[in-house]
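The structures considered in this document are given below.
There are two complexes below, and they share chain A, which is joined by chain B in the first and by chain C in the second.
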Partner chain A sequence: MNLILKKDHLNHLLNAWRQEYEVYAPQSLQNFTHFLPLQDGFELAFDKAHNTRIPPKALFLPTSEALLKFTRFGGYEEVPSETAPRLIFGIRPCDAHAMTMLDTVFEQERYTDPLWKARREATVVVGLGCHEPCQTGFCTTVGSGPFNHAGLDAILTDLGEIFLVETLTEKGEHLFTQLETASEDQSMHASEVQQAAAASMPIAFETEGLKQKLDQNFASPYWEEVSRSCLGCGVCTFLCPTCFCFDIVDEAQRGERVRNWDTCMFRTYSLEASGHNPRPSRVERTRQRLSHKYSYWLDQINQIGCTGCGRCVRYCPVGLDIRAMLRKAHQLPSEVLHA
Partner chain B sequence: MPDINALKAEAKRILSEGMVDIVIGFKAGDTPLHPQPAFFKTPDEVDQLVYNALCQNNLATYLTRFPKTQKIGMVVRGCESRSVNALVFEGQHPREGLYLIGVPCDGIIDWRKIVEQTGEEVFSVIEQSDNTVLVEAKSGFFTLEKETLLHESCARCIHPNPISADVVIGELLPEGDPALACEKVAAFAGLSMEERHAWFRQEAERCIRCYACREACPMCYCEECFVDHISPRWTESGTTPAGMQGWHIVRAFHQTGRCTSCGACERACPMDIKMTYLTEKLNEDMRRKYNFEVGLDATTAPPFSTVTLDDKSRFVI
Partner chain C sequence: MPNEGRSPYLPIPMHVLHAYYESTDNSLKTLELSFDDPQDAREFFAAFNPGQFCLLSVIGKGESALGVASAAWEGDFVRFTAQKLGSVTTALHALKPGDPVGMRGPLGNGFPLAEWKGKNLVIIGGGCAFSTLYALTKHLHHPSHRGDYGKLTVIYGTRTSGLCMYKQDIAAWHQRDDMEVHQAIDVPEQNWLHHVGYVPDVVKEVRPSPVNSVAVVCGPPIMTKFTLPALVELGFAPETIFTSLEKRMKCGVGKCGRCNLGPKYICKDGPVFSLAELNALPADL
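Right after this comes the complex of A and B.
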């Protein structure tokens, strides 16, 4: 159902939601925007940046968290997985779409992550579509889009003085019961804005046949070439909304088993106890990052494992641009004959 | 700003005369704010070479990736040349295997300072001859004073000219004022202990431990970093306060007498964490207590790299 939310009514609505939920929305803290819980007298920061610096995956998979607590003498207790009801407001469609991909990792039939699942179930997600898509984003190239509905309970379209609200799930409907219905003209206007936004985004690279190119060129010198200036830091993967790798470490002095973000770009990620490292250099690690997103995800869920948010492009300290890397990959020969 | 054609000509010459196997410089990036480090193997490839104030990395960080037998050419600014000297002193590459093309540097622009004023959608950045920068952004055209955009480390740079370069391209610049660097340190040191602690915590504790600072730093070349040690474990692994503080303070200490104040760590940080206030303090201590600045040549040992049999602190030997 399409509804109308007047912009000057937004704060009132957010405050009303705060009675029922802990409400997270983009706000400035120090130098950039984060999804932070709204406090009295909050100020939203939608204009400062298109996307929050840290993707909202961190609200479901924190950078570090304790999984269980133990004592020296064998006793342990699990950390409870209940989460109070939460509402994330103003999430961008790329980030929400990414969450549905991570569900396929953390909510597999036989291996469900209780912490992830509890947080997902306790959270309502209200999206803000991108009527002015960002420069570094390429969502339309990778099967998402500036008004993609995946992972959202409701989505807002900015129409100047008002937002057009589309409720997409029951959870979403429950949030907006007080609003008046949109007129046909308003719905039409929103649909034009949405289409124009998607149409304004150039196709960043060709995805057709890209997986095959990457698979067939596993041993190509291309990987050495594109990884040469890579620093081997974790910026691209840590800021990526679909990267989910973690490491589990026992912090014995605190008696906690903790889960920390980890990344295939680190040397220690694939280092084995024997000392052997199957991905010994940045060449193999770069190949893993790109191939995971553009080949292995396709094997697993038949979707590209990237929603085109563009954070890796914007924040790479050496200006590596995954779009350019993939354009180059598409130019590779189709069959590489190995000696 | 050095003449780009002269820079290219020199890079081509050393490649074509076989003096070096590779030249490390910058090329235009795929996005307007980020030129990329580049590795040129043939004179033809050098046509892509660019040099401008947005070239934010310290290229010396790549030096330790190459075999010591490789002959390397590198475009170096003041800080980079000093990092190279420090690495040569630490035995990371023989000086004979290097050809340094020096460029006097009037400062690196911190792209964050552009974005603060123009919004994040930037289309192009052009440095103009009157020390202004013309930025075309989605929100319009902006003419900004270059001086206001400089990264903090560059605004207080003491050695803008390359040191012990094999050739210098461009006019030498006046040396910076050491007092400027001290001001920054004094401002931090002037805070109360509680305030300093609060500042340190505020910076360190937004770390996500991506180690961009480490990887961007030429002096962080350890095969195994202390944070990656399993046994013994030197610091907590995660983004706990202890883990983040441990990383930031020990990282800084490992730089004592080795840091050239280039600021590449801060420019690489995705969380905009300030780090040079710690290393600057250590650098000032080195200047004041030992009359030492790293990288002014490739032969003087940093104070903490010297051990003598009559050392007052017996525990080190």
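Right after this comes the complex of A and C.
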């Protein structure tokens, strides 16, 4: 259903939601925007950036969290999964889409992650489409888009004085029962804005046949070339909304077994106790990062594991650009079998 | 074991029943663990398949992946043999009977035993990776399983005779008339009556027949690397050669991303793969 939300009514609505939910929305903190819980007198930060620096996956898979608490005499107990109702407002479609991919990892049939699942179930997600797409994003190239619905309960389109609200699920409908219905003209206007936004985004690289190129060139010098300037800092993966790797360590002093975000860009990630490391240099680690996104995810769920959010492009300290790397991959020869 | 609401990160409470050194240099130690709660034992054995592994926890130190070295019919305990390498395996070596241990599992696929029915089995192991092959051989020895399989050949090599694990059992295997056992050490020793040489060479010497046979290979990467082509040369098809892979692990349930080999997770989709499957995966080991 399409509804109209007047912009000057937004704060009132957010405050009303706060009675029922913990509401997270983009706010400024130390020069960056973050999804933070709304407090009295909040100020939203929509204008400055499109997506937040740290993707909202952090609200479901925190950078660090306890899995077990140690009790006396070598015992331990599970950390209960929190279930307080939450609402995330203003998530961008690339990030919401990424969450549906992570669901396939954490809510897999055989082993479900109870912490992830409880948080997903307790959370309503309201998206804000990108009527002026960002420069580094390339969502339309990878099968997503600035108004993609995946992972959202409702999506807003900025039409100047008003937002057009499209509710997409029952959870989403429940949020907007007080609003008036949009006119046909308003709905038309919104769909024009949405189409124009998507059309304004250039195709960053060709995805057709890309997986085969990467697979067939597993042993190619290409990987050495594209990883040469990489510092191995891991920023591209920590800030990526589809990356989910974590480490598990015992923090004996805190009395907890903790999981922390980890990255395949680090040497120790795959280092075995014997000293053997299947990915000893940044060459193999860069190959893992790109191949995971542009080959292995396709094998697993038939989707590219990148939603084109542009963070890895924006925040890489040496300006390595995944779009350029993939354009280059396209020029690789086909049918070279890997060693 | 599917987790059905229970956290896949929550270990089963166990305690040490027996702990003893397996090698003369004390680098390998066997732990036999029993269940604090009999219900956990029932669930474990209902799900267990030889070739699977568990994550053993020493609280405050961490977790390590270890292959199960016992067969279900041996009793309500689970056996592991750990090589002392880093922090967790060192802590495991320090455990005494009665000490608590956490265990997650059984994890992974294990050997495709149903698929192997009616076939001759060639079991080839090296070093401490022999543990799951020991479990497999014990499993096959049970009267209710032995008849399901044909000829049984075991080839097991270690660097020295002192590093050979499960010595008493293996000595008894030589006396059995329903199997063939070939033991090897890398360099000659006095009073050694078996093969001397590396496992791939022993395989070439023994020349197991590929006819109606499957071969399963577990050992250090270098041994596996040279044994697989030796089997192919003997005429084993890639679909009939199996191996168990190892990569650094954390979650054990396909979440933490660490153990991937292309689109497969060794913890969840493995650790047992056929050579045909491996040939279709990237060489990222």
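Just so we're on the same page, the second predicted complex is superposed on the first by the 334 of 339 C-alpha atoms of A that agree within 3 Å, B and C clash if a C-alpha of one lies under 4 Å from a C-alpha of the other, contacts with A are read in each partner's own complex, and residues count from 1 in each chain.
The rule is simple: a contact is a pair of C-beta atoms (placed from the backbone, for glycine too) under 8 Å apart; a residue touches a chain by one contact, two chains touch by 3 or more.
Computed from a prediction, not measured in an experiment: that's the story for all the values here.
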- [ ] Based on the superposed arrangement around chain A, label chain B with chain C as either clash or fit.
- [x] fit
Open item on the list: Using C-alpha centres only, what angle sits at chain A with arms pointing to chain B and chain C? Round to the nearest 10 degrees.
Closed with: 90
Open item on the list: Output check: A:249 vs chain B and chain C. Expected answer is one of first, second, both, neither. What do you get?
Closed with: both
- [ ] Check the residue A:42 against both partner chains and state whether it touches chain B (first), chain C (second), both, or neither.
- [x] neither
Open item on the list: Applying the document's definition of touch, where does A:30 land relative to chain B and chain C: first, second, both, or neither?
Closed with: first
Open item on the list: So in the superposed three-chain picture, is A:314 touching just chain B, just chain C, both, or none of them (first/second/both/neither)?
Closed with: first
Task: Contacts of A:233 with chain B and chain C, given as first, second, both or neither - done: first
TODO: Figure out whether A:105 sits in contact with chain B (first) or chain C (second), or with both, or with neither.
DONE: second
TODO: Determine the nearest approach in Å between the Cα atoms of chain B and those of chain C after overlaying the two structures.
DONE: 6
Open item on the list: Need the overlap of the two footprints on chain A, from chain B and from chain C, as residue ranges.
Closed with: 247, 249
TODO: Flag every residue of chain A that touches chain B in the complex, lowest number first.
DONE: 30-32, 49-50, 53-54, 62-64, 132, 134-136, 228-229, 231-235, 238-239, 247, 249, 251, 253-254, 258, 260-261, 263, 266-268, 313-321, 323-324
Task: Residue ranges of chain A in contact with chain C within the complex - done: 67-68, 70, 73-76, 78, 105-106, 108-115, 215, 218-219, 244-250, 252, 257, 259, 262, 264, 269-274, 276, 278-279, 284, 288, 291-292, 295-297, 299-300, 338-339
Task: In the complex, chain B residues that touch chain A - done: 29-31, 33-39, 56-57, 61-62, 112, 120-123, 138, 202, 206, 208-212, 214-216, 228, 236-240, 243, 267-268, 270-272
Open item on the list: Per the contact definition, I'd like the list of chain C residues that touch chain A in the complex.
Closed with: 2-3, 5, 7-11, 13, 57, 59-63, 85-86, 89, 99-100, 102, 221, 246-248, 250-251, 253-258, 260, 262-263, 268, 282-285
